[in-house]
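Have a look at these structures, which come just after this line.
One chain, subunit A, links the two complexes that follow: it is found with subunit B in the first and with subunit C in the second.
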Partner chain A sequence: MKLLLIVLLPLAGIVLPPVLVRAGRTASAWAAATPTALALVLLAGMAPTVFEGGVVEASWPWMPALGLNLAFFLDGFGLLFAGLILGIGLLIILYARYYLSEDDPMGRFYAMLLAFMGAMLGIVLSDNILLLVVFWELTSISSFLLIGYWRHRADARQGARMALAVTGAGGLCLLAAAILLGHVVGSYQLQAILAAGDTITASPLYLPILGLVLLGAFTKSAQVPFHFWLPHAMAAPTPVSAYLHSATMVKAGVFLIARLYPALSGTEEWFVLVTVIGLATMVFGAYGALFKDDLKGLLAYSTISHLGLITLLFGLNTQAGVIAGVFHIINHATFKASLFMSAGIIDHETGTRDIRKLGGLRHYMPVTMWLAAIAAASMAGVPLFNGFLSKEMFFTEVVVESERLGGIGWLLPVFATIGGLLSAAYSLRFVHDVFFGDETGALPRHPHEPPRYMRVPVEILILICVVVGVVPSLAISTVLATAAGGVLLQAPEPFSLALWHGFNVPLVMSVLALAGAVALYYQRDAAERWHERTFPAFTGKGCFESVLAGAIAASRRLTAWLDDGSVQRNVVLVIGTAVVMAAAGGITGGLDAGSRALTPAPLPAVAVWLMGVIATVVVALRHHDRFLALVATGVVGLLSALTFIYISAPDLALTQLSVEVVSTVLLLLALNVLPKETPHESSPGRRWRDGVLAVAGGGGIAALAYAAMTRPLDSISRYFLETSVPGGGGHNVVNVILVDFRGFDTFGEITVLGIAALCVYALIRDEAHTMASADTEARHPRMLLIGSRVMLPLLAVVTVYVFLRGHNQPGGGFIAGLIAAVAMVTQYMASGVHWTEQRLTGNYFPMIGAGLLTAGFTGLASWLFDVPFLTSTFSHVNWPVVGDFEIASAVAFDLGVFLTVVGSVVLMLSQFGKQQPPVEGR
Partner chain B sequence: MEILIASGIGVVTAAGIYLTLRARTFPVILGLTLLSYAVNLFLVSTGRLAINAPPIVHEGTKAYTDPLPQALVLTAIVIGFAMTAFVLVLALKARRELGSDHVDGRE
Partner chain C sequence: MLTVTLYIGFAAVIAAMAMNLYRLLAGPTAEDRVLALDTLYINAIALILLVSIQFADRIYFEAALLIAMMGFVGTIALAKYLGRGALMD
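What follows is the complex of A and B.
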């Protein structure tokens, strides 16, 4: 439970900073720091167990059928990472309080930072590889939001989009890898996967898995050739950059490589892929950093380089390499976070990050100078600081490895030395160009030391750098051994962390690198000229943008090809595809008739069928005469109502009959406004094409219907038939299903009906005109007028009757509602809008609303009795005249249905009725 | 009877498809209306045909037709009406705004 809390605390804390920012910026920072600190305390509480070699586990089933569990575990490596994320996160929160300006929305910043933190914690603590992928994607999304925090800036938006595209694509690869891993191992539990290394490396799927995992890891950790998003991500506020580069995001990539090390390493493929990419990234990043004039740009490329170094170490397949890699993760996190924060301080206090404009700052900010100088020295690998130790270990490892490899193995130490040299050179540039040299006089602001507490986070990190650098075995060896033990799944063999290992090859390499760096720095102008001559401006960003533009253009062309603006063509494509797919299914799956005995067809049925076919053919062939086609369509509808009666569906017949009336009226009203005839304009070719498609579709449906009707049926309906009376209190099973068993569906459907009515109203209310008093009785046929007024009370009684009997006999809310609507529409037609709305009502919105509320509250009332939404109850009442009568709560629901249906239908029809025909000749 | 209903559904579907492919809004709406008749009949028929066996429970009666497709179709008929009304209002509006009742909004 505590383990889950560590992840959930930052995520749950998201709501606090945006709320508390009203109480001030400091309050907002406290709101962000509190969940972080609490999580850190919880983590510290578990640390002793882990240091003793234990593993803390917690697991809840989430989607067990998919193998996705809410499972977490904490081992040495997870402890290290969680500690880094929370510890550095806390420092970042403090730093950001002073870094962000008054104009920046601080609540939003802290909320996104906490989301990012929670997602990172999820990655490092997941014990389920699918869960890990979920958190992995969450970091992509939250880092997108953080990088694009200054959303008014184009570079921030572009940088954010690029980071999301690259790391998101990597995330998809990782998902594929996770599924393959689960397939090979038979479990998605991470610990099971880690223990199954031999199975995985022996599997034929090993190479695809390795490739996909590495794609995920390399995109996240900005390895060549996916590095280009990282420099553009520095458009983020500096606290975010510091976090992204030190303990999170890019470190998630190396975390993954390290975490899956037991499962995937030990093979030649692993060695070649990981080492070569790591080496290339290290040298490339270091070289790139040397020529960056932007402080953060320099640091971004240096991050790429150091991540390459870490990757390389894990690629070596040796225990000492793993220890060195884990050590460098820690060291890089400390010095890189402090360097970014220093760069942020410089930017904040001088107004620029351009190295060409900076200089001589030692006079104005001496303390910051010392802090930055120590961090840079650590990055360069100068003795007495932590970076030196892991760099020495790195040199030692590549020398050992080159001896093992033979052949071109000597390249490894050579490139390692070059990487170290370049690293030292840009570190020197970072310090010397900014704090020493002459003042350029080009600073936008007068520089001074930052606020006290803005420097505290840097000081804490620098202290760690120095303590680890001077007394490493005392300060860090237990942590390192525990963390490396987590990666290796066993306690590593004893190793010694010491400043002095005697005169050996690695020491020579270090000396060479540092001396070479000084020489290179003093020849930097010549180097820069050479660089500009040799490498033309070619950026990964340009590549990315052109690929993106190409993809957008291609999808535009595809869309234009599929949809040329002709609706008819689109409908042909849709129906044609459906026909082809269904035909394929019918041919492969079989459309044979079943064994069920056929029902005899009496002569009247044949007559009805014949009339239906004739009416249908008339509609299709004579549709240019719209009145005729409308009448024939009505005939088809009435005949289908007859069919419903014959095949034992009286409710449907009643519904169809009343709907037929209102929809015919509706179409007639529409014809008042639309043209009365359809022009003959389709070419014979098109008519033939449509005809063939129609016959194919109709034939297919007929075959399908026949096959369905002749096969035996095993339906779930037995349940409804059996429980209708005892459970729902009604004999009419169709009605009981509507208002009780499937009441929630019905509730949704009447909602749709109400919405449709409101849409109809909203779309044509502007053109609706209530006919003026000139609309007199004289204009309406007297027979109809008198007849309809006499009929009205009669219809009202019928409505009540049909409504009340609905639960036991054909009828119910839908049908009664339709009949009532017909009664009202008849008044409209016979007496005109003016007369009707004066006497009845012109306002149907309250009726729709009342209907929906009645139905809804009937459902909610179930909750009062502690049963699910829309559970009905009933009892028997003895009414004087009617006799024994069941009163069910479903009747109230049905009343809601009734009101909604009446309101909606009459609203729609009256709106159509108020449309004026267009003035001829317009 | 099965043959009659299946072929009837087929004929109505074919006419519905043909009209749906026309160029003017009104025939298209009629086509959709025909298609919904066919679909409703089809859905009810998946409960198999039964004569004189409405799903209204009486003591002593054993044979009932399948009530479930009927319940589904009952709401489908009403929703189908709402859809017709909505499409019709779109057609009206389009004709008024664009001066044409062609489905593409232009002659």
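What follows is the complex of A and C.
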């Protein structure tokens, strides 16, 4: 339970900062710090168990059918990372309180930060690999939101988009890898996967899994060639850069590599892929950092380089490499976060991050200078600081590995030294160019020391750097051993964290790197000129944007080719495909009539059918005269209703008749503002093609229906007919299906109807209604006035009657709703908009809303009785005059349907009605 | 006896509907078509009642009621359209 709380506390705390920011920015910061601190306390409480070698576990089923469980576990490695996330998170919260300006919405910032924190904790504590992927994606999204925090800046938006695209793609690869891993191991539980290392490496799916996992890890940790998003993510506020893009989020990739180390490592493929990419990234990142003019850009490339270093260490397949890797994770987090915060302080106090404009700041911010200098020295690998120790371990491992490789193995230490050299060089540049040297006088603000509490987080981190650097065994060796034990799944062999190992090759490499860095630094102008001559301006962002633009252009071309906006073309494609496929089936399988006897066709029925056919053909042939087409369509509708009556479907007939009128009114409203004639647009050849296709399609379906109906068929209608009364309490099976058996579907449909009505309103909203100046008699004929007003109460009675009898006789909410809507529309037509809306309401939104809410609450009410949503009940009632009848709770649902239908239909028709341009005569 | 009456009734109503249809499709003016449609509605009521008598089932009477009310509204709408164009003034 406590494990779940650790993850949930930051997530639950998301709502606090935006609410409390009204009480002040400090209150908001406390609101963000409290859940973090609580989680940290809980974590510390569990630490003793982990240090003794135990593992804390907790799990709950979530979607067992998919293998996804809410499972968490805490081992040494997870403890380390969770401690880093929460501890540095607290410091960042304090720092951000002073960094963000008065205009920046602080509540939103802290909310997103807490969201990220919770997601990151989910990654490191998760025991189910699918759960890990879920949290992985959550970190991508929250990082996207945080990078784009300053929404008004284009570079922030582009950087956020790029980060999301790259890390999201990686997340997709990771999901594929997770599924493959679960398939190979047989379980999605992470501990099971870690124990099954031999199975995985021996399986034929090993290479795809490895490739996909590495894709996910490398995109997240900005390894070459996926590194280009990280420098652009520097458009985020500095607290975000310090937290996400140096200490935690980018570490998620190396976390994954370390976490899956027992499962995937030990093979040559692992060694080649991970080590080579790590090495390339390390050198490339360090080289890129040297020539950057932006403080944060320099630090971004330096982060890329150090992550490459860590990756390389994990790629070496050795225990000592793992220990060194874990150690560097810790060290890098401390000095990089403090460096970013220092860069933020410089930016905050001077107004610029451009190194070319900065200089001589040691006079104005001496304390900051010392802090930044120590952090940079740690980054460069200067002795007595923690960076030196992990660098030494790195060099040692590289040398050992090169001896093991033989042959070209000597390249490894050479490149490592070059990497260290460049790393020291840019660290020197960071300190010297900014704090020493001459002032340029180009600073926007007069620099001074930052507010006390803005510096405190940096001081704490620097303290850790120094303590670990001076007395490492005392400070960190237990933590390191436990964490490394978590990665290796066993206690690591004893290792030495001493500062002095004697004169050996790694020491020589360190000295060479430092000396070379100083030399390079003093020749940096020449180096920069060489760099600009040698390497063309070829940016990662340029590639990314052009790939994206190419993909968009290609998909636009494909869509335009398939769908050029012509409805006719779409219909031809759809019906043509259906005809072809059905014909293929009919020809290969055969299509013949069944054996059931045909029922007799009385002459009146045939006559009615014939009339319907004639009317339809007339619509098709004479459609250019739109009025005739409209009237003929009305005939077809009426005859369809008669057909329904003939085949014993009274509900359908009632619905058809009601909808017929509403459609006619709607079409007339539209026809009034459209041309009265359809233009002749298609050639005779095309008409013949369409005609043949239509006959083939319609005729084919008719043949299919005939063949189906002449075969003995046992359909689901038997179930409904049998259970309608005992299960639903109604004799009208159609209505019982609509509001009871398939009530959820009806609920969805009335929601869609409401949305459609609102869309119509939104599209043709036009408040200006010009009142015509013609005389009243012509506008509102008296006979129509009287007739409609007399009809209104009659229609109301019929509405109520049809509504109430719906459950047992033909009728129901939908039909009643349509009748009521027609009654109201008649008033609009007879007496005009103004008169009607004074007496009825002109605002139909409450009606739609009330209908949907009624239907929804009827469904929810069944939860009170501990049954599923929309279960209905019924009982018998005996009233004096009326007699004995059943009443079902579905009546309330039907009421909801009724209200929604009335509101939607009248809203749509009245909106259209208000658009009419008044016309004199005809 | 009833059967013969029903036959005659059906024949008459169907003939009437056919004539309505002819006038609807052929009628030179739009008003002719509207009147034909309205009369078609009335004849449909008659047809439904005859069908109910034949099947001895009262269940379709509401459909006839609905045609009577709704046909009226449909004809109003068409008439207003032909008169002033604007349905809701």
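One rule holds in what follows: the second predicted complex is superposed on the first by the 573 of 922 C-alpha atoms of A that agree within 3 Å, B and C clash if a C-alpha of one lies under 4 Å from a C-alpha of the other, contacts with A are read in each partner's own complex, and residues count from 1 in each chain.
Simple rule for what comes next: contacts are C-beta pairs under 8 Å (C-beta built on N, C-alpha and C of every residue); 3 or more make two chains touch, one makes a residue touch a chain.
Computed from a prediction, not measured in an experiment: that's the story for all the values here.
When the shared chain is aligned, no partner comes close enough to touch A:L461: not subunit B, not subunit C.
Applying the stated contact rule after C-alpha superposition, one finds that A:A71 touches neither subunit B nor subunit C.
More residues of subunit A lie in touch with B than with the remaining chain of the pair subunit B and subunit C. When the shared chain is aligned, subunit C comes close enough to touch A:P604, but subunit B does not. Once the two complexes are overlaid on the shared chain, A:V733 sits against subunit B while remaining clear of subunit C. In the superposition on chain A, A:T633 makes contact with subunit B only, while subunit C stays out of contact range.
In the superposition on chain A, A:L804 makes contact with neither subunit B nor subunit C. By the touch criterion stated above, A:L642 is placed in contact with subunit C alone, subunit B being left untouched. Of the two partner chains, subunit B is the only one that A:E681 touches; subunit C does not reach it. In the superposition on chain A, contact of A:L264 is made with neither subunit B nor subunit C. The contact surfaces that subunit B and subunit C form on subunit A in the two complexes overlap at residues 646, 650, 671, 809-810, 918, 922.
The part of subunit C that touches subunit A in the complex is made up of residues 10, 13-14, 17-18, 21, 24-25, 30, 33-34, 37, 40-41, 44, 47-48, 51, 59-60, 62-63, 65-67, 69-74, 76-78, 80-89. Residue ranges on subunit B touching subunit A, taken from their complex, read 1-27, 29-30, 33-34, 37-38, 40-42, 44-58, 64-68, 70-71, 73-75, 77-86, 88-93, 95-96, 99, 101, 103-104.
Residues 565-568, 571-572, 575, 596, 598-601, 605-606, 609, 612-613, 616-617, 619-620, 623, 626, 629-630, 633, 636-637, 640, 643-644, 646-652, 655-656, 659, 662-663, 666-667, 670-671, 673-675, 678-679, 681-682, 690-691, 693-695, 697-699, 701-706, 708-710, 713, 715-717, 720-721, 724-725, 731-734, 737-738, 742, 745-746, 749, 752-753, 756-757, 759-760, 763-764, 767, 808-810, 814, 818, 901, 904-905, 908, 911-912, 915, 918, 922 of subunit A are the ones that touch subunit B when the two sit in their complex. If you check the complex, the residues on subunit A that touch subunit C are 603-604, 607-608, 611, 614-615, 618, 627-628, 631-632, 634-635, 638, 641-642, 645-646, 650, 653-654, 657-658, 660-661, 664-665, 668-669, 671-672, 772, 774, 778-780, 784, 787-788, 791, 794-795, 798, 802, 809-811, 819, 822, 825-826, 828-830, 832-833, 910, 913-914, 916-922.
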